[in-house]
Every structure is written in C-alpha cells, then in structure tokens.
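Chains: A, B and C, in written order; residue numbering restarts at 1 for each.
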Amino acid sequence: MVSERPKVQFETLTVHFGEHIALKDVTLDLRPNEILGIIGPAGSGKTTLLRALNRTLELTRDARIEGKVQLDGEDVYRAPSLPALRRRIGMVAPLPVGLPMSIYDNVAFAPRMAGVRSKTTLDGLVETCLVQAALWDEVKDRLADLGTKLSGGQQQRLTIARALSHEPEVLCLDEFSIAIDPVTTMRIEEVLKELSRRISILLVTNLVQQARRLAHRTAFLLMGELVEVGPTEGLFGRNPSDSRTFDYVHGMFG
Amino acid sequence: MAKGWSKTRAQVERAKERVIELAIAACGISAVVFVFAIIYFVFREAAPLLFGGLDIGQFLGSPEWYPDSVSNKRYGALALIAGTLSVTVLAMAIAVPFGLGAAIYVSEFSHGRTKEALKVVIELLAGVPSVVWGFIGLVVINPIIIDVFNTAVGLNVLNGAFLLGLMSVPIMVSIGEDALKAVPDTYREAAEAMGATKWQVTWRVLLPAARNGLLAAVLLGVGRAVGETMAVLMATGHAVHIPTSPLDSVRTMTATIAAELGETAKGSDHYRILFVLGALLFAITFVVNLVADVAIRGVRKR
Amino acid sequence: MAVFDSSDGARRRHFTQSIARSVFAGMTILLILPVVAIIGLLVVRGAPALSAEFLFSAPMRGMTAGGIWPAIVGTMWLVGVSLAVAAPIGVLAAVYLNEYARDGWITRIVHLAIVNLAGVPSIVHALFGVGAFVLFLSLGTSILSASLTLAIMTLPVIIASTKEALAAVPMPFREACWNVGATRWQTIRHVVLPNSVAGILTGVILQVSRAAGETAPILFTGAAFFLPHLPQSVNDQCMALSMHLFTLSTQVPNVPPQMTYGTALVLLGLVLTVNATSIVIRSRLRRKRRW
C-alpha cells in the first residue's frame, strides 16, 4: 500500500471565498491505489478540497487559493493544460448531472473530446464504464435515450460512468450515494474496491459508515481544518487522537 | 485518454481553440467598435462644417433653414428641433398613459392565456415596419384628421404623434411589464393582507416600487420617437416652421436628413449640415438610452 | 371580511376594483383596436391587388402598372446578405458575453454599446452607412453597403436573444463538461450551443423581420427607386419592398391606390409572418425542454 511518492498531495492548502475561510492550512496526501475517506459535517471544506484538485475552484468568483496541490509530484496550478489535467481526475459531484444528449453520448463525450474517433473503441468504453457504474443492465437497450430523462439515481450512476470514461488516475467522489438506493450503493462500493487496485480514490462522504467500509485511511475535516488523518480502523476505534473525531464518528454531532 | 493523442495533435487543438476564442472575443467587442465607428464616420463628414464656419448659435437658435439658398444660405435648425420636440412630446402624451396602463393591465390584471395573447399582439405591433406606419398615416389618419378637425391637410404634428405613440407603446409595455414583474410578490401580498384593493396596491405600492423601471420604459419610448424616421417623414407634412398647434405641419430632424440627403452633392455644406444634424440626434439618443439603462440597472440590482 | 368591514365599504371597494380593472383593460383595448382595424383595412384594400402577375412582374409605365417582383427579390438580397454578416457576429458576441466575459468594466462597456446600437436612430445608421461603406470603403451604393448597414443596426436583436438562450442552459451542464476535461469551446460547441438553437433561431428570425422592414438605412446606401432588371451581385443596387412602398406612396403621381395597398400588404404580411414564426418557435421551445 505505502509507496515512496503520494499520488496527490495537498500542502498547506488554504482557500478563502471572499472573507470566508473554507480550508485552513490543510496538508494531506492520497497514496497510490488507496481509498482515502474524507468525512466531516456540512460546510467543513470537503467539496472545496476536491475542487482545488481539479481546478474547478477557480470558476467560483472570489475564490483565493494558497498553498500547493500536487499530482504525481507536479503542481496542478502550473499544469500546462487544464483539460489534460482534468482528464487525469474523475469527478463525481453530489448532484447528478445527465448532459442533454443520449446516454451513449454522455459516456462517449469525454473520450470524443480527447480525440477518440473509433466506433469500436467508444462502444467498448461506453459498455465498460456503464457496467462499472452498475447502470449497464438498466440502459443497455436504450442507449439512445436522453441522459436527462433518467431517474435521479440513474443519472448519478451515469455521472460516475462519465467520470470513469476518460480513464482517470484519481477518482473523486463527492457524496455519490445521496440519490441512490442502498442496493445500488453497495454495488458501486464493490466497484470502487475493485477500481482501487488500479487507481486512487478520494471518497468524500457524509455517511461515516461508508468511509468505514471502504476507506483504507480516513481524514476528518471540521470547519476547514484537518482534525486528523489515519488508518480507518484507528479513527473509528476507541482512541482516535482527537476527541472531536470520536464525538463525530459516534454521532455526537454533525 | 492521454495515450490516445499525440503531443503535436494536442498543440494543434490548443492553437485552434485559441484562434476560436480570439474570434469570439473580437465579435464580443465588435459592438463597441461599431458604436465608435458610427461616431467617427458621422463626425468625419460633419467636422469640416461643424469646426469650420458653422454658426452654432444660428444652428441651434434660428428657425431659418435655407440650405439651398443661392445668395444667403442659412442653417438654422431650431424649427427642425421644434418639429422633433413637438411630435415627440405629443406622442408621449398619448403613449405614456396608454403604454403604462397596458403594462399594468398585462402584468397585474391579466392571467394565463389572455396575458400570453396580449403579449404576442404587442410584440407583433412592435414588428410593423415604420414605412407601413407612414403609409397608414398618409391614407388612414390623414383623411380622418381632415374630417374631424376640418383642416386642409391632415399631415401634421397630431398625425405623426399618433403614429409615434403607437410605435413606441410596445417597448414601453414590455419594459414596463418587466419592471412591475420585478416587484416582489411579498409587497403585493402584504398590501392585500392589510385589505388594500388591487387598485390601491397598484397605485400606492407597485408604481412607487417600480418607478425606475417605468421611467426607463418611458425613456426608451422617447428614444424611439425621437429617432423614428419614415413614419414622420411621410405623415407630418413638410413644413419647416415652429408649430403653434398640433394641426400645424412640421418637419423633424430625422425627416429632414431623409428628405434632403439624396439631393445634396457629397462634400457640400448642405450635405455636411445633415451629418451635423445626425450627430446631434446621436447625442440626444445616446443620453436618453444611457439614462434609461442606468434606471434599469437600478431595478435589477434591487 | 364582512365582520371587519362595513358592507358598504366592501361594496365600494369592490366597485373601485372593477373600475380600475376596466380602465386598464380599456386602455389596452384602445391600443390594440385601432391597429387591428388598420391592418384589416390594409388587407381589405390590398388583397384585390394580389395576383401572380402583381407579385412576379416588374413595375411598368412609370410604376403605375405592373408588379413588385424586383422589390421582393431586392428585399431578399438585403435580408440574406445582412443576415450572413450579422448572424455569426451576433451569435459569437453573445457567446463571448455569456460564456467568457467576467463581470467588469469591459462587459459593462460592451453592454452599453449594444444598448446604444439598438437605440441609435435608423437615419443615423444610414448616415454612418454612407460615410463608412459607400464613401470610405468605396463600396458605392450597393447591396453590400446597404446590407452591412442593416447588419450593424440589427446586431443587438441577435445578441440579445442568443444571450438569453445561452443563459437558459444550466450551469451544472458546463461544469460537468469541464470536469471530464472538455475545453471551454468544446463545451460551448457540443453542449451549450446545440441546446440554445431554438432561442438563437428566434433572434435570427427577428433580425430578418427587422431587416426586411427597415427603409431609412437603405435609402442612400443601396436601394434604388426603380431598376428594370434584377441585381446580379452584391455590388449592384436593388429595389426593396419597404423602399418601394415609400416611393409609390409619396414620390410617384397617379399610382392606382390598390397597387400601393398591395405593396403595403405584402410587406406587412412578410414581416408579421416572420415575426409570428419566431413567436411560435419560442413557445414550442418552452414546452419542449430537454431537461
């Protein structure tokens, strides 16, 4: 599990939105082939952390970013090409977004934009990604239907399929199970375990138990600060190093 | 995917994207370029006269417009300005109450299909070309005015004002309705909860709350009326004099340009004075639109 | 209500309410009625003139006989060329304003310029056309000069409705595209524009109707009173329906009235049909959302 260089490294990352501080001096790394759970109550900066990595944070007005974010040891804020950077990172936002195009096109969109033209390659990719997102069986007979007409849960899985379609090295999931039923959630969790053999996963979740089931290590964020990070068993055990962590994971607040 | 595409291709793609974005930015600022081009080219033709011998005092203060006189050319635009002013003022006297009244009706008193139908009709009204309005002035309004007021000619201030009124109503209704729509429903509900009638709500709550937007609606109507050309060219007669009654014939600044530009030699003083008139018109509408825009901005900010 | 309110007061209240309603309704009707009557009159008096011969033949005998075919063709030239210029510039300008520009002084100035472009009197546009295209660029009085003048004049129409259409595409669609590594332009090209087509079309159609109806801007830039033959290229002058109506009704003696009415009816019918099409497309679009 442990390798010499982290896949992703946040170094003294501080983010301001105008006057408001969203992240304060966070230093955290994601190791290769690791699932890192990120837990914490609403507004603790979990989403901001993900968006700092794929640089969509800059799209928010008055966002000010200090510190460093590295992917494979390269500063993402010096990346020569934003699209190329974002293709290396799969991003699943909490609210499902089916693009107003066919289900097939939704998944084929990213590869096409990256220049893939071959029909057979695309067909294979679409199937693989939809299977991994546990959506294939439900949509395989109607790939031409509009992605926006799917149910919320289906659209969420379509979003996951899309995030996998550009074969990212890091997959970020932001509370992906909000709109999905428990059975489907379980199926996707299995897929995530499988995926972690090949890629690294940042799993932001409001479900403490989900982090416990999946994450190798878990980080606890509270009001923009990293309270602690460590092996998941430790964090959920009797003696996390910070009492606030204990209170949170045992449902005292949040 | 990174494997799927070579480095040179990526560079070509990025260069292509860069070119497209430059083209988009260029189109984006094109409107600014065009406005400056309008100012530049209108003043370019006007300048030799404007800064070379035009008696500004006479231009603005004298009603004597004899641009073709062989012995004694005079460029007094006062009668033309008075013509524009009289037609505009009378048009607004007709259009403001009706335009705002219709805006209130559409926004506050009509619902569902009626509302949609009214908006469509008013939009179609906006689509009638000004030359068609002018034609209507000639063949419909003209005889009516002759009959009703027992005058020799019906091509006068009243005729032009009636047409301009109808022409500027659509923009007043649509901007006015926007302004009323922007008043939060909570205002209406609060007033109605206190037992105010719809009339009281409209008069005491909505109109004061929407006044900036309504002002903008009126100003945009004024802008249209001042700048309108074909309808007034055809319907106000061709008398260059300061009107003393709505039944007098006049000629507006716009109509003068349209009527005389074709007959002047390029580069002559007469030709240039028409560009000076154009520059004056530009300045007037510029200010009117600017004020209207500031008023609308105020509405949106709230 | 009656508990708190004397029944007399309630009645009075109800009365003022219905008075107010009737006053405003009356004003609205008084606005619409004359227009409907006038249009009815144009139809009644103009319809008898409409015939294949009137539509498809050239004016004859000092324009007191014959038809309006060259004017129809000329209007099509002017509309077509001005559209070809204004549509791409207008759509891209709206893309810039909605997708690229950040709020700031540049956007503010561009916005003011657009408002101004829409507000400048048409006759001033004509003067500009004469100064810039006819003289400075030496394009002469030609379809090209007239169309360029019309294009600049109608640009705000296209920009405004395209911008509205683009703004109606939800932000999360764009974010989803950026998240998977699509560039800004790819996102616009493949997601934003395809989903604003109907709105853009509305603006383009409105531009057509404006361009077809305008007279002042083409008076001195390219429209001719009378041309016996049809234009062959953008460097020729042309007749135009709007100009022809002006000519027939004010410049030519002894025109049979029904010819003038017929011309007015054709022009009005053309413009209003185009306008109505745009309204229909827009309401269809509202009902047929893809999300």
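Some observations on this one:
By our rule, a contact is a pair of C-beta atoms (placed from the backbone, for glycine too) under 8 Å apart; a residue touches a chain by one contact, two chains touch by 3 or more.
Just so it is clear, the model here is predicted, and its values are computed rather than measured.
Taking each chain's centre as the mean of its C-alpha atoms, the one that lies farthest from the centre of subunit B is A.
By count of C-beta pairs in contact, A-C exceeds the other of the chain pairs A-B and A-C.
The most centrally placed chain, judged by C-alpha centroids, is C.
The geometric centre of subunit B is 15 Å away from that of subunit C, both derived from CA atoms. Averaged Cα coordinates give subunit A a centre that lies 54 Å from the centre of subunit B. We define each chain's centre as the mean of its Cα atoms; on that basis subunit A and subunit C are separated by 49 Å. Those residues of subunit B in touch with two or more other chains are numbered 1. Residue positions of subunit A with contacts to 2 or more other chains are 84, 87, 110, 114, 166.
For subunit C, residues touching at least two other chains, in rising order: 181, 183, 186. Within the complex, the subunit B residues that touch subunit A are 1-2, 4-5, 9-10, 13-14.
Put simply, subunit C touches subunit A in their complex at residues 102, 172-173, 175-183, 186, 190-191, 194-195, 290-291. The touching residues of subunit B, counted against subunit C in their complex, run 1, 17, 20-21, 23-25, 27-32, 34-35, 37-38, 41-42, 44-45, 97-99, 101-102, 104-106, 108-109, 116, 118, 120-125, 127-132, 134-136, 138-140, 166, 169, 195, 197-200, 202, 220, 223, 226-230, 234, 254, 257-258, 261-262, 266, 274-275, 278, 281-282, 285-286, 288-290, 293. If you check the complex, the residues on subunit C that touch subunit B are 4-5, 13, 16-17, 19-21, 23-25, 27-28, 30-32, 34-35, 38, 41-42, 88-90, 92-93, 95-97, 100-101, 106, 109-128, 130-132, 135-136, 152, 155-156, 159, 181, 183-186, 209, 212-216, 219-220, 242-243, 245-246, 249-250, 257, 260-261, 264, 267-268, 271-272, 274-276, 279, 283. Against subunit C, in their complex, subunit A makes its touches with residues 54, 56, 59, 61, 82-87, 90-91, 93, 95, 97-101, 109-110, 113-114, 146, 148, 159, 162-163, 165-166.
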